[in-house]
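Next come the structures, one after another.
There are two complexes below, and they share subunit A, which is joined by subunit B in the first and by subunit C in the second.
Entry: the complex of A and B
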């Protein structure tokens, strides 16, 4: 179980390599009732001036949140209380993505830790960046 | 030049959605789409002994609740079509199967920023999600970016 006392600035989350297929992307869009073509077919995305299908921003947020909740683990002891994301560059499916996290700050009075999180493509370009806050029970 | 808009827009609640039911099936589909296998969100037996006493949705499930059809008619536009620039989500309480979630949205902030690629206008919409007990489960700030 994760405890606040065990957390150190500089602790890393991941890197977690992911391959998000176009079908994964469509499944996420369906799960959210999203119908915009840019999330479901290449041709529709190109009509909107994109190079092809892209991941919904909410899917990137979901993947980064999962990076953090995987780090917390299934035993509890802590919970994700905040996640902020910035969508810098469209994320394309059918590419290898790597998710990273890095503990940057901790606040003993609140038993919280702040974690920088980001998604990189194969060229180590940061496509989505964010900050997560985790609160610990003890 | 500062961006011009009607100040009465700020804090004006322009939509409260009808309650949307949270089913186990919806949570399962969400988990499958992001490759989630944490037993707290996927395994009834394991989750029963976990911190929430049963299955809950992964925190980011909160962003799956959408505004109604007329939402975007109320969001002010500045120039060309805007796009989703990011989100700030505060997860207040877990969302469980059986919950009925309503979403209330207002314009929180409008501001202009000049970056490498020119001037951008950001419209921040705050959505508050409540369950059937009128408990807040999440606050979501959506940042929409427009290019004038």
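Entry: the complex of A and C
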């Protein structure tokens, strides 16, 4: 179980390599009722000026959230209470993505830790960046 | 004695950053072997906080904190060092359509220095603007290494340096704590104040330094249409 006393500034989350296929992307868009062409079809995305299909922002948010909740672990003891993200570059499916995270600072009075998170592509370009707050039970 | 400064960073005073200054300084202290910085320059977007006082944090972490600003012009984003009352009276930093040539000339006349940042970046960088407009005059330096650059952006910035003879600086453009100091500028001289920094930026005796980790190449995925 994760405990506040066990975390250190500089602790790493990941890196976690992910491969999101176009089918994964379409399935997410359909499940979320956001079947805009840019999320489901390369040609439709190009008509919108994009290089091809892109992941919905919520899908990137979900990947980064999972990076944090995997770090917390199944035994719990802490919860993700806030996540904010900046979408710098569209995330394209059928590319290897690498998710990174670092514990950067903490607030003992609230038993919270702040974590930097981001998604990189194969060229180490940061596509989506964000911060997460995790609160610990003890 | 040389001085290494990250000339471009954003704290939580900027609307798109959640990085407290204290967390930046603690991170620098912890990562000094990888990113040997003497200090950082906070370049908040479209603002300058003349009342901010970081002396207690400087003493606590042994890292210098200087203040500047990142403003928006008709030639892209520009870092303004040596901001003073005259400059703040002359320019509305919240105006996103400042005239770059006027800014460069007037900031210089009023004792500061203006340095275009991420010039190789589409839309907000000098490189693209130079394709459609005449080059700026009286420009001393541009930011050639930016910690947030995508592939090719720093190379386009370096082209400007080669073509126009600008001096080159580096900065992380960090909006996250863990990205502070990825790029910086090493000055030959000792710098202990914003006045020292402005003086040294005008000398040209400095170089951009890159502390970004060298990653092993990641194989590109083979795109396969599975629909």
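Some points to look at:
The rule is simple: the second predicted complex is superposed on the first by the 138 of 138 C-alpha atoms of A that agree within 3 Å, B and C clash if a C-alpha of one lies under 4 Å from a C-alpha of the other, contacts with A are read in each partner's own complex, and residues count from 1 in each chain.
FYI, contacts are C-beta pairs under 8 Å (C-beta built on N, C-alpha and C of every residue); 3 or more make two chains touch, one makes a residue touch a chain.
Quick caveat, the model's predicted, so the values are computed rather than measured.
Of the two partner chains placed around the shared chain by superposition, subunit B is the only one that A:62 touches, whereas subunit C remains out of contact. Legend: residue contacts after superposition of the two complexes on their common chain; A:111 is shown touching neither subunit B nor subunit C. Looking at the shared chain after the overlay, A:22 reaches subunit C, while subunit B stays out of its contact range. Shared-chain residue A:46: touches no atom of subunit B or subunit C. Applying the stated contact rule after C-alpha superposition, one finds that A:84 touches each of subunit B and subunit C.
Looking at the shared chain after the overlay, A:9 reaches subunit C, while subunit B stays out of its contact range. When the two complexes are superposed on chain A, the residues of subunit A that touch both subunit B and subunit C are 84, 86.
Residues 18, 24, 27-28, 30-33, 57-59, 61-63, 65-66, 69-70, 74-77, 79-87, 130 of subunit A are the ones that touch subunit B when the two sit in their complex.
Across the complex, subunit A is touched by residues 16, 18-20, 22-23, 26-27, 30-31, 148, 150-151, 175-179, 215, 218-227 of subunit C. Every residue of subunit B that touches subunit A in the complex is listed here, in rising order: 26, 29-30, 32-36, 38-40, 46, 50-51, 58-60, 63-64, 66, 84-91. Listed in rising order, the residues of subunit A touching subunit C in the complex are 9-10, 19, 21-23, 26, 42, 84, 86, 88-89, 94-96, 98, 102, 104-105, 114, 116, 118, 122-126, 129, 131.
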